[in-house]
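Each of the next two complexes has subunit A plus one other chain: subunit B in the first, subunit C in the second.
Our next item is the complex of A and B:
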């Protein structure tokens, strides 16, 4: 596979161990992995590198740092359509932490619980990026 | 609750009584609304939510006794005072059992009315504060539980992911190259988890009112014991530990275990955040009924913007690589809590790349009188 077709995934998470294991797995599956340690670094890297997909932890230094970072990303035109998967060790149903998947103020694409099932993550990533690839070539008559 | 904190609702079928209450209380600065029967009164109470209601027990139609529980239904914090025509204890007691705060037998003087109203208002204010405090406490508890849960999950998730990838990509050269390092990381994160649990238990025990001893404790000995246990670890890092405390100088009254935990946490930090060849020095002085013990290191220091926050639960200054952030984030909050319990405090002075000095101030040991012993206090 030529270098051009390698998709770029940005991983934003403050736990270096988590980033390391997930990165290696994704790189093994032929993705280029970019890393960021917190929301603001994630934003900077995303604006510069325009990744094809972003994995973002929801709670880093602050309780809702991930969410605010997603909002900021959506305000950036180049990132408005980038698929963002939110990762969290806390589950959707936990009291005090409810995320409605299609919240209008939080335009993320997937909510994934940690620890992450790597195979399932891989399939979701491929499905999302595959779909985008197909959209680049509009179907006839569309 | 009504913004008019000085509003009193008076319910009495007797016009003269309503007028008299209004005159007396308006003179004291209260805003007064009067009603001649329970129904009208309750309607107003529901609307105004006043802090205080004065109601006559004997009225045609709805009696004062029937009004009381309905007021409590509207808001249990509204204080009710009943005016009784029959100064019989039974009626008054029944009213109090139904929720009235106090009773005023007729005839009463203006001063008697004012005094009861003053006490009732104070009672209301305290009840409000206590309810607010409870709400805050509940919010904090929930936030804390979420926080703790996240703190415990984080190392577990890291370990899980490493193991999962090790398993799935067992034969890949990149993983083979990293195997040993990853095993070490898993072990480190396990220790981190154990540390969090241990600190969490310590905090819980401090929260609880487990019987703690209140004996004479010479900090020279406590510190000496702690430094001895870390002698080997320090030597491995090339660090020098020094106990400059003199015997019988820094003596306090307290629980030996708690004081050990306090200084253990400070000394461990001083060792952990130090540099090779550095020093950890403990010294102290006493004066003015107080004892000051400082734990000084020659380490990386704490940036000024974080110095106020380091005693907060779970706060940790993130190192340049997150891997260097060890510890549970609870140690210093435990220190602060132990010190505060005896009326002391822990403060810090620090300069980046020079070092930090943590100073523990504690009340000095004093022989106790029998009364002080009975009253309890200190740890």
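Our next item is the complex of A and C:
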């Protein structure tokens, strides 16, 4: 069993089909997947399970729900450093809202536009968790 | 002053983005009343609120705070943790902004309170226009509009919020939200003026504050104070909910067997029986009439003498909170012998 299989990823999204497909993909790549259908459930699961990484939708019950949930997670000490990837189509559907999270106003770690390129997502997840792993267990003599 | 407009249907996006300037707190409903709380989702926010139970004062002068930690060997060490927390207070009414401006005179004027000042520095204020209800008399107290004390101020003009940018921080917020804001047109200005006039007409309570300190001087021995004292329960609710009541008690919280502990500051009220008690047991205001009278005199006369304006903003919280229905507007108009306050 690889180290990767021990990593838990929380998917917060109200699109059941998307959750299902991304879960299957991540499980196939040796991740444990936790699921939540909205921000408040995501917050509860995250506080309880302390995932290694969170994939967060934005438009759920409310169109800015993901933004507020990310901030709430950042205010939660045990989740303050957990990597959060925003997965959203908001910037395509809301033409008037052109303030993209790449401009760093949101306390997230990555922004990935929907529709999601699964392979690219996997690489970003591996890069993020791998980097964390390296930081947590520095090589002997480093 | 820079003036812009924000589409109402973009307010949730705006609030999402201003979270980078601090934890956003706004009025949310609690059992039919309202309170400033951290915003967990946009739908919780109630910008149509009439008044919050406690004013924004609670952010700058908390009901209880530890000022110092004392220990046998270390002596007294100031406790400054948490003072640098960034907060964006969203949806503050003009009367409450005015109240904070008055508190600034007390805590950031001749005598500077570092705890208050640090919180003030780290808290952004976004104001919002409101509609007066049956307890509002802020217009009489000149607190229905503020020229300063906010970073941004929103006025409802239909599909948009007419937005005054009050500070550089407010301007940074506008810039951070990219193209959400739009320039105002002549029509927008006309609509702002129309609604401003309508709001002036909407006030049902009126108090004339000109020469009020002098009338207080003349009525020092009035029977009104005895009557009020007999009704007043000295519960202090009016002080707790007042945006400008700032009296506090400071005490070392000593525990048996311990050589260390906190020195805490807690809200106090001039209506409490012990407020004017000093060492030896002497109490300068033993009776309820003397205490209720003191409160009125400090607000309407003492504050004017010290700072040039009354220490009341006309928010109506004390009217709502008083369990025996002491109504400040009624009292002030009784002093003037003005019977009808609602029909003018």
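One rule holds in what follows: the second predicted complex is superposed on the first by the 121 of 142 C-alpha atoms of A that agree within 3 Å, B and C clash if a C-alpha of one lies under 4 Å from a C-alpha of the other, contacts with A are read in each partner's own complex, and residues count from 1 in each chain.
We adopt the following convention: a residue touches a chain if its C-beta (ideal position, glycine included) is under 8 Å from a C-beta of that chain, and two chains touch if they have at least 3 such contacts.
Remember, it's a predicted structure, so these values are computed and weren't measured experimentally.
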Between subunit B (first) and subunit C (second), which, if any, makes contact with A:39: first, second, both or neither?
second
Does the superposition put A:14 against subunit B (first), subunit C (second), both, or neither?
first
Answer with first, second, both or neither: which of subunit B and subunit C does A:67 touch in the superposed model?
second
A:48 in the overlay: touching subunit B, subunit C, both, or neither? Say first, second, both or neither.
neither
Quick check on the superposed pair: does A:75 touch subunit B, subunit C, both, or neither? Answer first, second, both or neither.
second
Those residues of subunit A which subunit B touches in one complex and subunit C touches in the other:
61, 63, 94, 96-97
Inside the complex, what are the residues of subunit C that reach subunit A?
7, 10, 12-13, 15-17, 19-20, 23-24, 38-43, 176-180
In the complex, go through subunit A and note every residue touching subunit C.
39-40, 61-65, 67-69, 71-72, 75, 94, 96-99, 104-107
Subunit A contacts subunit B in the complex at 14-18, 20-22, 24-25, 27-28, 37, 59, 61, 63, 89-90, 94-97, 114-116, 118-119
Touching subunit A in the complex: which residues of subunit B?
142-143, 146, 149-150, 153-154, 156-158, 160-162, 164-165, 168-169, 172, 174-175, 178, 182, 185, 189, 318, 321-323
